[in-house]
Structures are given as C-alpha cells and as structure tokens.
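In what comes next, subunit A is part of two complexes: it sits with subunit B in the first one and with subunit C in the second one.
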Partner chain A sequence: MAKKRGTGMAAVSYPIGMHLGGDPTGALVHATSGGNFVVAMSSVDLGQGLKTVMAQIAAEALGVPLDTVIIDTGDTDTGPHCSGTGASRTTHRAGNAVIAAAKEARSAMLDVAAEMLEVSAADLETDGKGNIHVAGVEEKSVSVAETVQAGTFQFGKTIAGRGLFLVPKSPQDPETGESDPHSTQAHACTVAEVEVDTESGEVEVLSLKSAYEIGRQINPELVKGQIVGGAWMAIGHTLCETTAPYYPTTEHAPLDFLNYGMTGVAEMPEVECELLEFPSPSGPFGAKGVGEMVANSPIPAIVNAINNALDLDISDIPVTPEVILRALDAQAAGAD
Partner chain B sequence: MTAKLVQLTVNGREEHIAADGLISLQQVLREKLDYNTVKDGCTQGGCGACSVLVDGELALACLLPVSRLEGAEITTLEGLNESNSAGVIQESFVEHSAAQCGFCTSGMIISAKALLDENPTPSRDDIMEAISGNLCRCTGYLPIIEAVQSAAGKLAKGGDGE
Partner chain C sequence: MSEKHKIEAGHAVGQPVTLRELESHVKGQTVYYEDVKVPRMLHLKVHRSSVAHARILDIDTSRAEQSDGVVSVLTYRDVPATKVWTHFEAVGIAPGAEPILALDKVRWKGEPIVAVVAESLKQAEDGAAKVKVTYEKLASVFDVDAALAPGAPNLFDCWPDNHYLFPDDHAAAQIRFGDAEKAFAEADHIVEHVYNTRPIEQAPIETAGCVAVPGSDGRFTLYTNSQSLSNTRNNAAEIAGISPARLHLIGGTAGGGFGGKVDMAIEPMALLAAMKSKRPVKYRFTREDEMTVSSTRAAWRVSIKDGVMQDGRIVARYVTTHQDVGAYLRNSIYGAFKHASHMPGPYTVPNVSADVFCVFTNRTPSAAMRGFGVMPASFAIEMQMDRIAKALRMDPWQLRLKNAFRNGDMKAHRREVWDAALVETIQATARLSGKDLPEDYKQMSSQKRLGS
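Entry: the complex of A and B
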C-alpha cells in the first residue's frame, strides 16, 4: 500500500448560453431627474458580480461615470425578460442588451445636449466624468445632470433606451444533428496533480493549474473569483458530492449539510490560472462568459489524474474512496 | 409548556425573552430581535452561518436553547461594527473579494474575530482550522484565508479600522 501521484489534463470548449429554443434577454435604461441612469433588468446577481459588470458595461456605453449607474434587477414581475442567469450566458446576453439600451439612451441624451448647445448631436462627445462637450472644444460643454434636467423641464424629452438581445432558435436537424450552438465559445484547460492513498482510497488534490480563454475580461477580479470558486466546487463534485449515491435509486440520498459531503477549506489546493483574451466579435466589448464553465475542466482533469496515478479507467463521478478501492480490487483480481 | 423568562445582553442591550422549550438563540436573534446577520442556514450546526459570540466565545446560535443562556452576553456581527478589529476584518474581506453571495460572510467574520482575539498572529493552518466550521459555496475559501491573514497583519501594525 502506498501513496501514488498522478497528473491529468482536460480541456473544454464551452458554448455560452442556450440556443435550442432561442435565448433572449432585455434591458431598459432611463435617466432619473437627479442625473443618474437606471438599468432595469431581470438577470440576477447571486454573488458573481452581475450588478458590477452590468454597471461597467452601461457606464461605458452611455459615456457616464460608473457611480451614476444604478442596476435595478432581480424581480421578474417588473423587469424586462431574462431567459435565466445560468449557462455562463449573462455577461454576453444581458451585456449586449444593456449596450443596445444604453446606446439608445445616449443618443436621446446627446439630442437634448445638442439643442442646449445649438450644435449637431454628431459633433458631441462624453468625457466619462459626467460632461458632454463639442468634439475638440472642451469648454463648449454641459453636464449630464443639466442635460437630463433640461430634457425633462425644457424640452419634454425622455432620456431612455431599449435593448433586447436575441440569439435565435436553432433546433437540431433530426437527420444530421446540425445546429448552430455557438453564438460564442469560451475555452478552458486544466492540469491537475493528485496523490492517492491506495490503502484508504482517499484523494488529495495537490494543485489545479488552468488556462482560460473567455474573451475580454470586463472585470478581472470577478473572473478570478469565479475560477477559484469553481475549482473548489469541482473538487467536491469529483471526490464526494452527490445527491443520489446509489443512482438511479434515491437510497441514502443526503438531505442536509451533515450528510451531503463537501470538501472543506483544508482540501483546497493552490489554484493558478492564466487568462487569454481573444475578444468575441458578438460579445459586449468582446466578452464571452465565465460562470458555470469553471467547474467543467477541473472535474475530468482530476479524474484523469487519479487514473494516471493508479492505472485505472474510472469515468463516473464522484470518485469516492469506495469507488477507488473497488477499482483497485478489480485491478488486482484481473492481474491474478 | 410554560415559557421561562430569560435575561440576555445582546450587543450591549438588555433583552428579556420569553423562551419556550427549545427555542434557539438563532431564532430569537433573527426572528424576535431582527439581527439579520445571524443566518438561518442548516439549523443543525453544520454550516456556521449563525455564528455569534457568547460571553466572548465562538458559538453556533442554532444549537443553543435560549433557556440555558440566562445572563449571557451575546455579540452578533451588528454589535461588532463599532469595535476596531471587526471593521478591519470587514475591510480586508472587501479588499480580497472574500464575499460573493454573502450568506456565509457574517459567520466567517465572527469566526475570524474569535480567532484573532485569541491568536493575533495566526498561521495559514490556524486560519483554516478557525473557519473549518463555516461553509462557503462561492469563493473556494482562498480569498477568505487571504483576507483573514491580511486583517491579522493590519491589526498587528495597530490598525484601528478608522
């Protein structure tokens, strides 16, 4: 009995979002009388940082300061349609909707500013600090707040915009299986190193080293948060987590945290990741997505590393100590 | 069953609670006294989201019947906001992106505070042990470990969170 080390690799190509039934998401932008911009949507910030990313995208497309953008989301009773916050899709789908809405609102804002400054709207620029000025003539300017107020009180114009981004339905051809799944694709590759105790069947993940290609990163700190969190979740899924340990029966299904095995803080190895940025032509400012996909390459990489360490061919998860010990027994029996 | 009247001090305020049977400290803090940082996670001591300090010691509020806490001093995250070290820990959590959905965060900060009160210069292993009873489903723990290390460093230099 010994501790054996192995290395495994896996790569994924991940189509962002859904396509089989069409994949729409909407956003509406309007200026408040105080000079802020509200982005109404239904996509959800569940900790991944959607509000931050959407505010960055809206501020950039409107040409206004980040802290003047308010993301109003989370209520499907009142917000525009979102097909769901999942499938790594929201940065791409909702981001495109926000850009469309912000562009229309920007155009309405510049039309009002053009009347105030008595110039053509085509000659106007925003400085991103809350001002609108004539290109090349910075002193000929009005503030965004003044423009919004003039739109309301002087000109009777709503400064608002609509955005709906739709990836059309693309069902599979029943004969050939042909379909168009990739509005955009992200990529990841992970190398895992493990050590397996052949007496206890326990696996220690020693390191996870990944490269991700997710288009342009809108917010690198949040991207890193997704990747590190996904690495941990992948270790749990690979080594112990399951809601149906004796699938397809539901016997011994865990019903609470005490029985649903998750790896803890002590099982977390160092996680290294390199980001490659190939901007997506269809993405908001070149972004693709990095959500659900972060668990996808570490899982097969860890399984491959276990197989490499023990010369096995396990292909189901979770790879529990029981699974490993039974596989080693079968291997020994086969060798006799 | 008759209710027993229990006196507690919660975040410096005296409270009188009519405690029926096994009603837990977590239920009282969250539902009766509106301390919403005390999360209702698993109610069986498995997740750490309801962590509080009882007479300065780390405790899981969901496992403590209030009827047994006569005279105890309870501190929740709300009560730590004005004290120096919790402010520094919170700031470090922000700097290291150690919170995502935020459900575990108040329990994590309470556990970190309990650790740093007892051991101002914890090793990485000490930190991992201190937060091993707190589940986090988002961050992969590494940013939380970094945040606690960073808070310890700032407190050692005399940072007061001002």
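Entry: the complex of A and C
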C-alpha cells in the first residue's frame, strides 16, 4: 500500500446574472410608523443569506441602522417581480433594485427631516446609527424615528421608494455567437493538495487554498460560508457524486443518500481563502456575486492534483476509487 | 490580505453580519412551505412511465378511481391549456415539447402519465399503483454518439437527428471568432483531448414541493419552495389556462436549491389537481423522486483542440461540446448558450470556434444546476491547461498567467474585457500556497499586458 501526494491548480472566471440579461428584479421600501424600514421583494433565500445581505444593502443605502431593516420577501402579491435565485444573480440584480428603492426612500426621509430642521435636504447626512444631522453640525440633528413619525402625523408624507433593476435582454448572434452575455465577471484560483491511497483508490483532499475576486464583499462571513460550502459540493462532484455511476447505462442508479455518494463533514479539509476586492461598476456597492463559482475551480484543481500524484491522465469526473484503481491497473499494464 | 485589494466597510455593507435566521435554522424553527397547515388538504402521487421509450396504447385509470380515498385522477385530458411545459419559452428561447402528463408517447422511464389525488399520501400511492398503462415499446438510446448515429431511435419528429436546432437551423450554439483553422496551421503544437462529466443530482436537503390552495375569491395560493416565484407563477398559470393574476405564490425560504427548484415540475401539477379537486393539494418530491425523476445536471462531453506556440501562447481554441440533455429540452439551451459564450474561458485566445450541441437521449431530462454550462466549461478548460503545460514542459501557473485575459482584450463573443482580475487572483493564490513565481510574473497585471 502506498499513499501518494500531489498538488493541482485551476483558475476560473464566472459570469454574473442571467445569460444575455432580460432578468428584472424589483424592491419596494417603506418606513413603518413602528420605526422600521420594510423591503418588500419576491426573491428567494435558499439558505445562502439573501435576507441578511439585502438588509445590509438597504441599511447602507438608507443610512439607517441594520436592525431597523426588515426583509419581507417571498410573496408575489406584496413583492415586485423577481426573476429568481439562480445564475449568481441576486446580490447583483436584487441588490441594485434595493439600492434604487432605498435611495428614493432616503430622499423622502431627508425631505421631511429638512422641513423639521428648517434646512436644505442637500445639507443633511445620516450617521447610520439612527440620526440625521446637518453636515458638519452634528448637534443640529433629528432622529430617523422622529422623522418617520413626523412624516406620518405632521407632514402627511410617505417615506417610501421604488426600485427595479433590469439588464435589457440582448440576443446572441446564431452564426458568430456575438453577444453581451453578462454584467460583470468574478474570478477564482484554487490549489488543491491530495493524498491518494493506491490500494483502495480513495482520495483524501488535504487542503484547498483559494483566492477569490468577487467585487466588494457585502458580508465577508457569508462569502466565506459560500466558499466553504461550494468547496464541499465540488469535492463531492469530483470524487463521488453521480446519478449514473455507469453512464451511459442507467444501471445502479442511486435512490437515496445511502447510495448517492456525497462528501461528509469528516472528509472536509481546511478551506483557506483570500478575498480580493475589485469593485464592479455595475454592482451594488461594487459587489459581483459568489453563488455558483465556488463549486467550480476546486473540481479541476483536485483532478489535476490526482493526476499529479499518480502521473495519470484522468479527465472525467467523478474520480471514484474504482476509476483510480482501473487507471492504475492500466498504467501498470502499460509499463509491463 | 493585500490592503490595496480591500475596500473599507460601511456601517452595514462589508460587515461580517451573522445570518439573520441562523438560530431558527439551527433550532429547526424556520418556517418552510411544509409547515403551513391548511384544512382538508389532499395528497398527490404521480403514476410514471415504467419504460424508457414507448407509444402509449391505453391509459386505464378505472381501478385507481375506485381506490380507497381517491378524490380525483388527472390525465393529459385535464391539462386545459398548454399541454406542454413552457419553461423559458416565455422569454423566447425554447419551444414547448414536453407534455405535463404524457399523451401518446413516453420518452424516459419516470415520465409522468397520471396524477392521483387522495385523502392521504398512502391512498394516493395505492391509487397511482393501480393505474394501468399499455405500452408499445420502442427502441431506446442512452448514449450521445448512438443517438446521433444514422438510424438511431428518434425521440421527436421535429428534431429528426436527435439534437436541438438552434436559431437559423444551426445544429449547435456557435462561437466563430478569428480564423481558428489558419491559426492551427501556424501553431507550434496542437493539444487536444476530451473531458466528461456525469449526471449529478442537485440534492437540496429540502425536496421540491408545493401546497396549492383554492381560495373563495377564485384565486389560488401556492405555498412553494420554488427558486423563482414570479416565473413559476406565470408558468403555472399558462399551463392551467388561467391568468397569472389568479395566482398568489408564497415562499422565499427554501432548504437549498442549487438549480433543482427552477423546474416547473411541481406547482402546475399541484394547481391542476387543486382546480379539479376543489380542495388544497400537496405535491412533494420524495428523496427517491429527486434522485430518479427530478432534472439532473446533464452529462457534458467537452472536446478541446488548441493551437499553442512554443512560448505558451494559445493562438487557437476549437471546442465541440455535447450536452446529453436527456429526454426533454427543459432549459438546456440556456446552458448551451452560456457554455458557448464562456469559451475560451478566462484567457485571451485570438481565434476561437465552438459548437455546443443539445443531444436527446431516453434519460431523465437534465436542467439547471449550480454553474449551468459554465462548470463543465471550466472543468474541461482547466484540465486542458495542465495538459498544455505538460506538453510544453511549462509551469502551469506561468501558462495561465501568460494567457489570462487583461482589460481591453477582445473576448470571443466580441466584447472587450473591462473587469478582469484573473492575474491578481492567481498571484494571490500563489502567495497563499507558497508557490514562488518569477519576478516578471509577479509584476503582471490585469490592467495591461507586459511586453506587448
């Protein structure tokens, strides 16, 4: 028995948003008389943290505390159109819609505050802690909560805003493929280190080290969560997962998680990453997207590492122990 | 982290804020669509094709209708309007060809034929098992090459060669940029290889499902874990032959998706059953359904031929890709276009040609999954980059840095790159992993191409 180690790398770019555009998403923001700002949407949080990220974007654009922002999403009657959670699009598309809605609501809020303070709205700033004050004169201030109350009960003004972000649909030329397919691209590079047991054919991924460039990070913790989760999914794709183990035959198709090989927690290596921030001019606060790409670069990096460890030429996934053992047998037969 | 690539955080943006539902997720207190309790709810089970390819001679639902607890039984006759999935037809890229419930033919083992609605799930399952379908079996094909071969069993009259026809009757989604043939003739090396991926299940922990509830106002409320509420609403309405204004979708919190909840498999069926039964109906994929009948990621076969100069520059790249879409198109051409447009990857190659075919086989239909079209492209390209490096005895890092796209470079889809950062990303990964690059490679930048 021998355990052999190898390293491999891969670099990728990832296009953000629905291919060729045409995927609108909207948001509506209003201040409640209870002191919150509600963002109405019909976007879907799949667990990645859409509600948290949208709240951060709204709070930043409104200039109000994060805990006063409520994301009310997932209702096609109360929320405007959303083209769905997919194509790494929601931070970019919904984020831009939320900014537009929040800017309009902020403008309405500052108009009311300006009347209360008897100054021009253009001279007002928010501190992000719940106060509005005259630029350079912090003591001349009014709270956001007081402003919303005054808007409702004193001035009869709605503090609300609308946002809809649309990248217009562009066709793809059938002959040349000429098109304007995406709004911005994110980038990644991964180095994988593996150890292969040449007797059992099992691969252990020892480490994944990556750099990601995803524009500005709205939430570094959730970005890290996507990176680790994506690495996990990628390891499964690379080493075990398929619904057709003997493709193209349909035999031995798994019916459940017992027979559908997926990487477990114990098989997860340390995932190290560094984030570079090149703000995208098209993105909300410069953000691009991180949803799909995180399951991309680790796959070829791991297969390149396996080939490096064993001096093999495997070019199909998944690389199951059976694939490795058969390749090693062929390698040995070729050497004879 | 290198400070020049990090932006200062705002009061909310850029802050490592804890996931808002973290505690409720961990404690199992988050409300998902299945937690909504509605009175008098029925359950739906689909009777599916037991064969991969056959003409349907007869559908006998009489025993199912008499089965204990069965309230209604739906066949293709109960699909009032569009009898086929609409999917991305709404945005103009795919003709509908997939029946909601099979009419005269089945094209894969697992194709829906009859929906049985009953008081309990067990009664629905028992009823569905009593449906009797008489088939005239047809030869089936599971292999892309076999499907494309002359005389292969044909799945669709409208696609006689078993592949989708793109606009202007092109056999493939195409990229044509520069003159690849001329560049191949002038290249120092030709490096070519074939890379394969297999079908994969998205495997969200929460399986796809929906509860359709008739309202007293003539509207229907659909509680669902769809990844795309607005599009699902519009598609379900079109299939049911009603205005989307009569549908109210509630969701927004799903237990994973990864592309597995963008199909229109669930909601239209639940809606049609609720319309016919005049009671709430729940339709939920079991794990076995997810594994066997929900759309997979396609098997992709990516063949790459590169013309490479001795110094490592890739001067031509020709890509031929076969996407095994399975028995129905669903949104596969979206993946094909995206795959084509992604070529030649994040590298500047002056001559690129790509043909991406959507091939029909009698497999479970494939559709979207995380990295639709792009993941198989990235996989094949990055395997190929190592192959080129090996052929040239060149450092794979240097090969990638040399060819990485820079701002101002022209992509094969004829748009200039303006937001490149691949060079810096590779350099950062080198630092992180202890890879020492030569000084001139450390000085490279996405802003300009040194020495050119």
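As a convention for this text, the second predicted complex is superposed on the first by the 322 of 336 C-alpha atoms of A that agree within 3 Å, B and C clash if a C-alpha of one lies under 4 Å from a C-alpha of the other, contacts with A are read in each partner's own complex, and residues count from 1 in each chain.
To be clear about the criterion, a residue touches a chain if its C-beta (ideal position, glycine included) is under 8 Å from a C-beta of that chain, and two chains touch if they have at least 3 such contacts.
Bear in mind the structure is a predicted one, so any value in this text is a computation, not a measurement.
Residue contacts after overlaying the shared chain place A:A266 against subunit B, while subunit C stays out of touching range.
Contacts of A:D256 after superposition on the shared chain: both subunit B and subunit C are touched. Touch criterion met: A:L46 reaches subunit B and subunit C at once. In the superposition on chain A, A:M233 contacts both subunit B and subunit C.
Comparing subunit B with subunit C, more residues of subunit A are touched by C. Applying the stated contact rule after C-alpha superposition, one finds that A:L222 touches each of subunit B and subunit C.
Under the contact criterion defined above, the residues of subunit A that touch both subunit B in one complex and subunit C in the other are 46-47, 49, 221-222, 225, 233, 256-257, 262. Taken together, the subunit C residues at the contact with subunit A in this complex read 1-2, 5-7, 10-21, 25, 52, 91, 109, 142-144, 166-168, 170, 173-177, 193-201, 203-204, 226-231, 233, 247-259, 261-262, 287-288, 291-292, 296, 299, 324, 334, 337-338, 340-342, 345-346, 354, 361, 363-364, 368, 370-375, 378-379, 381-383, 385-386, 396-397, 400, 404-405, 412-415, 419-422, 424-426, 428-429, 431-433, 435. Those residues of subunit B lying in contact with subunit A across their complex are 41-42, 44, 46-47, 97, 99-102, 128-129, 131-132, 135, 137-145.
Residues of subunit A touching subunit B in their complex: 46-49, 221-222, 224-225, 228-233, 256-258, 262, 264-266, 268, 270-271.
If you check the complex, the residues on subunit A that touch subunit C are 7-15, 19-20, 22, 41-47, 49, 51-52, 55-57, 59-60, 65-66, 71, 73-77, 81-87, 128-129, 169, 172, 174-182, 184-185, 187-191, 209-213, 216-222, 225, 233, 237, 241-245, 247-250, 253-257, 260, 262, 272, 274-281, 285-286, 288, 291-293, 295-297, 299-301, 303-304, 307, 315-318.
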